[in-house]
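Below are two complexes that have subunit A in common, paired first with subunit B and then with subunit C.
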Partner chain A sequence: MEYLLEIKNLKTHFNTKEGIVKAVNGISYGLKKGETVSIVGESGSGKSVSVLSIMRLLPPYAKINGEIIFKGENLLTYDDKKMRKIRGNNISMIFQDPMSSLNPTIKIGQQIMEPLLWHHKVSKNEARHKTIQILTEVGIPSAKERFHQYPFEFSGGMRQRVMIAMALISEPDLLIADEPTTSLDVTVQAQILQLIRKIQEKRGTSVILITHNLAVATMVSDYIIVMYGGRIVEKATTEEFLKKPLHPYTLGLLNSIPILKSKKSLNTIPGQPPNLRELEEVGCPFAKRCGKKMSRCEEENPPRIELSDTHIVYCWLYE
Partner chain B sequence: MAEIILQVENVKKYFKVGKKDLKAVDGVSFNLEKHRSLGIVGESGSGKSTLARLILGLIPPTEGDVKLLGKSVFKVTKSENYHLRRQVQMVFQNPYLSLFPHMTIGKNIEEPLRLHNIGTKQTRKSIVLNLMEQVGIPHYYYNSFPHELSGGQQQRVAIARALALEPQLIIFDEPVSSLDVSIQAQILNLLLELKKEKNLSYIFIAHDLAVVEYVSDLIAVMYLGVLVEFAQTEDLLNEPLHPYTQTLLKSVPVIGGEILNITISGEIPSPLNPPSGCPFHPRCSYKKEICTKEKPILKEIKEGHSIACHLY
Partner chain C sequence: MVLKYIVKRVAFIIVALFFVSLITFILVKSAPGSYIETERLLSQNITDITVPPEVKAAWEKAYQLDKPEWQQFLIFLSNAARFEFGPSFQYPSTTIEKIIMRTFPISFRLAVMAIGLALVIGIPLGIIAAFKRNTVIDRIATLVSMIGTSLPNYVIAVFLIYILALKLHLVPSIGWGEPKNYVLPVLSLAIAPIGSITRYMRASLIETLNKEYIRVAWAKGGGFRQVVLKHALRNSLIPLITVVGPQLAYLTVGTVFVENLFNIPGLGKFYASAAIYRDYPMVMGTTVFFATIVMFTNLIVDIIYGILDPRIRKHSMLEG
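Then we have the complex of A and B:
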């Protein structure tokens, strides 16, 4: 089957006064219709920037290179006007920070209806009806009354559900969800994940999920991508990821997870995350913190090791 | 008996929404002893952050009282308030929003000291460097700006700032939700250390039960503005009594697990239109006639284990 989305050698750098921030440094992956991929990894490893590059929602001083092929066309060749047609229509995004992505001065209902009115040209009445329905579906009680409220009158978790409603209302081909359930209690989290899956089954929506919760990642996705220092360090099907995680950073992450009633103390990964301004062009970004570092790790780029068609790790250990 | 640092006495907070009252916190009571840590879990919108703001005296209650070291946080004189402010601090979910973006890391941590006229410029600097060490931020970040630090480092700075005035109590409102698990582990270990070394008491609000378990001696479960269960961490996890707590525990995501078809049926209730009787009854599979009529009150049914449920 063809890819709905194919990212080829994506690099996103920010030209700031203090130097170039190399946020994303050559990542590639593909996503077919109906598939879900989860991206996990270090805070600051470029997860959000990589998807904001797809959406082209970055400031002008961001330089995006590579190819982003969506339905056969390279989105990087699109101008702003064409991108606006894609956003919120073919591709929707649920943002990490619900407060700053909701307009504080516009009523919730109005904000959710906006993409519908803007792209689909349904009647206002239909839009309102659909909005109340989707608000109820994402678990906002008293949706009819809440429709007329402002963002500050919602709790953090409820604002997040509003964001989810907003992203789903236009029934996109691709849903990008950046930490969509972090601020929700686990029962609602499970409901939202079910909801996303239901919509996915009904409409064949593909999903990119960014999450810090590895358990959630393994529960919902077909593939898992682990990022560190702007690069992909490991990519596998969820099954392969569960059976045979390989990269030392992946293993470090797995060891840092608290497990209910296990009474184990948590291991941390020693050292600090890399400074993206001082990131070397060559060498493994994780080398400085890696317990298994060899001399070549800092001198040469790690090789791309294919353990299967779908399991790829970038690490000298598995050469 | 251990000294009690915090007394929450039937505190309520109603917000006006249109003509209706939104009962964000609807009668919460508990005591916290010194040097203990309390985790608060509960669904989003159940009033956890509002309760935190009440405890800090940031918003006036509709009813009830909160006493910190025996003194009401709402009925204090200006000078007492000044003193009280030093005793309790808060750390928020988003470290970037809680730090001043145009101030260096050093100045950010120093700010509360300056506001309280503590020390001289020189001594304050050494206090700040000391705090940075405690939370594991290298000294060379002293002159950096918040945006140059990772989320986890920023959160450490926020914690250093909260520690600056040597408070007795810190409230953490989802402090690790946005951090990756390895940084989360660092912060959680840091909290355990601070608790041991500084005899700190804290309240830790979070959604991840495993995280809450790791750092809390006690756990309180909130639902629609009230406490539905309150117990020692071990008791609560090994023997959850309230049906909502049981559902919470069943819904915890596990590596390689399946998304549960959450058994919670019925609509999630709204604090604007709270159900009659027990707030959980529309979603409860054990509901009886009485549950739709009478609101259960929080009762201690075993030593140190209280629940609000008609089943017991």
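Then we have the complex of A and C:
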């Protein structure tokens, strides 16, 4: 099957006063229609920047290189006007903090129907009708009354439902959710994830889910991508990932998750995340913290090892 | 309820006005010089300021100045509560409230025009400065607003008279009654609020543009019109009201110098001459009137702010 989204050698660097921040350093992956991929990795590994590059929601001093093929066209060749037609229409995004993601002075209903009004020729009435329908669909009771309320009248979980409704109203092909549940209570987290899963199955939407939480990733996704220092270190189906994790960094991550481990105490990966300003162009970014480091790890880029069609690891250990 | 809140605020204003009256009264009573002496000195050019005692006694009786001071204060309070200040020393044939009613609209109109102009110039300037952050345009806007807020308006007025009237002959420097006479005083008054509105608008818009919901609006596919004009501008204009309201009040009060400079028959001019002549009833009446205006403007601003911000609007209703 054709890829809906194919990312080829994506590099995103920030030209700051203090130097170049190499946030994303040549990542590639493909996503088919209806698939969910989770991107996991420590803070600062470039997860958010990689998806913001797809949306082109980065400041002007961000330099994006590579290819982002969406429905057969390279989005990086799009001008701002063409890009606007993609955002909120073909690709929608949900952010981490539902408390600050809604405009405090505009009614919820109004905010949800904006993507519809901005991208399609629909009447206000149609838009309102559809908004109430989708509010109900995302599990907001008495949607008709809720339509006219303001964000401060909603709880965190309810606001994230509103954000999901807003992201889905124009029926996008791709939904990007950047840590959509991080700031929510554990019970609400599960509900929101189930909701995303349900809607995505019903509509055949593809999803990129960014999360810190490996348990969340394994629960909802078809594929898992592990990022470190702006690079992909391992990519696998969820099944392969659980059965046969390979990269030392992946193993470290799995070791630090209490749910997936029996009763032993938590092991965090020793050492610090890499400084993205001083990141070398060659060598494995994880080498400095890797317990299985070999001399070539810092001198040559790790090879791309295909263990199956779907399981790829970038590491000299598996050569 | 909103009503309860307003009642509370009004009660507070009344208490505050009582103290304003008391302090003004004490200051006025302890200030050196008296009207009949000053008047002889200033208007009649008589250097010997001693007034025959019987004349002075009759005059004091006419203005109830022979009563004990606490009584005078109570009389003033009860008059002020009814907005009946009686005749002033300088204008015995009319009343202070009549003078206020006649001259205040002139000062107020000047202030409104100046604020209007300041909004029309300051808001776009602030928006441009916010977008062209740290560019030449931004620096110029910052400089203009710094000059505007740091120079007193009479200095600006003198400068404007020199440039626009004396050098370029665009407008008359003196005279009253025609629209062109408004140009210089309104400009002089507008410069300071242009400065503060520009600065406030810039800061407020930059702050709003950094909000998460603005990023969400871009992510929804909004353009400049949707994101900046609809989402950001609206939210950065709401706090601007808290600046503009008090500015309007202070401008109305602060037209004193400009009115004297341009010889405009507004309340500010009468206020200044009342102070010079030791026309104490006029000073007191006008002070209390100005204080009332400033305090009620602030109250109105807060109410409008509440109406515009749904969080405050709904909460104050819920509080019951």
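By definition in this document, the second predicted complex is superposed on the first by the 290 of 319 C-alpha atoms of A that agree within 3 Å, B and C clash if a C-alpha of one lies under 4 Å from a C-alpha of the other, contacts with A are read in each partner's own complex, and residues count from 1 in each chain.
Simple rule for what comes next: a residue touches a chain if its C-beta (ideal position, glycine included) is under 8 Å from a C-beta of that chain, and two chains touch if they have at least 3 such contacts.
None of the values given here were measured: they were computed from a predicted structure.
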First, second, both or neither for A:P302, with subunit B first and subunit C second: neither
Per-residue contact with subunit A, leading partner among subunit C and subunit B: B
First (subunit B), second (subunit C), both or neither touched by A:L253: first
Which superposed partner A:Q191 touches (first subunit B, second subunit C, both, neither): first
First (subunit B), second (subunit C), both or neither touched by A:G109: neither
Which of subunit B and subunit C A:K85 touches, first, second, both or neither: second
Touched partner set for A:E153, first subunit B, second subunit C, both or neither: both
Where subunit A meets both subunit C and subunit B, residue numbers: 97, 153
Subunit A-touching residues of subunit B, taken from the complex the two chains share: 15, 17-18, 22, 41-46, 49, 93-94, 138, 148, 150-153, 174, 177-186, 188-189, 207-211, 213-214, 237-238, 247-249, 251-262, 264, 267-270, 272-273
List of subunit A residues in touch with subunit C within their complex: 55, 57, 84-89, 92-93, 95, 97, 100-106, 114-115, 118-119, 150, 152-153, 163, 166
Parts of subunit C lying in touch with subunit A, wherever the complex brings them together: 211-213, 215-223, 226, 231, 234-235, 238, 308-311, 314
Residue ranges of subunit A touching subunit B (in the complex, touch as defined): 18, 40-45, 96-97, 136, 139, 141-142, 145-146, 148-149, 153-158, 160-161, 179, 182-191, 193-194, 197, 212-216, 218-220, 238, 242, 252-254, 256-262, 265-269, 272-273
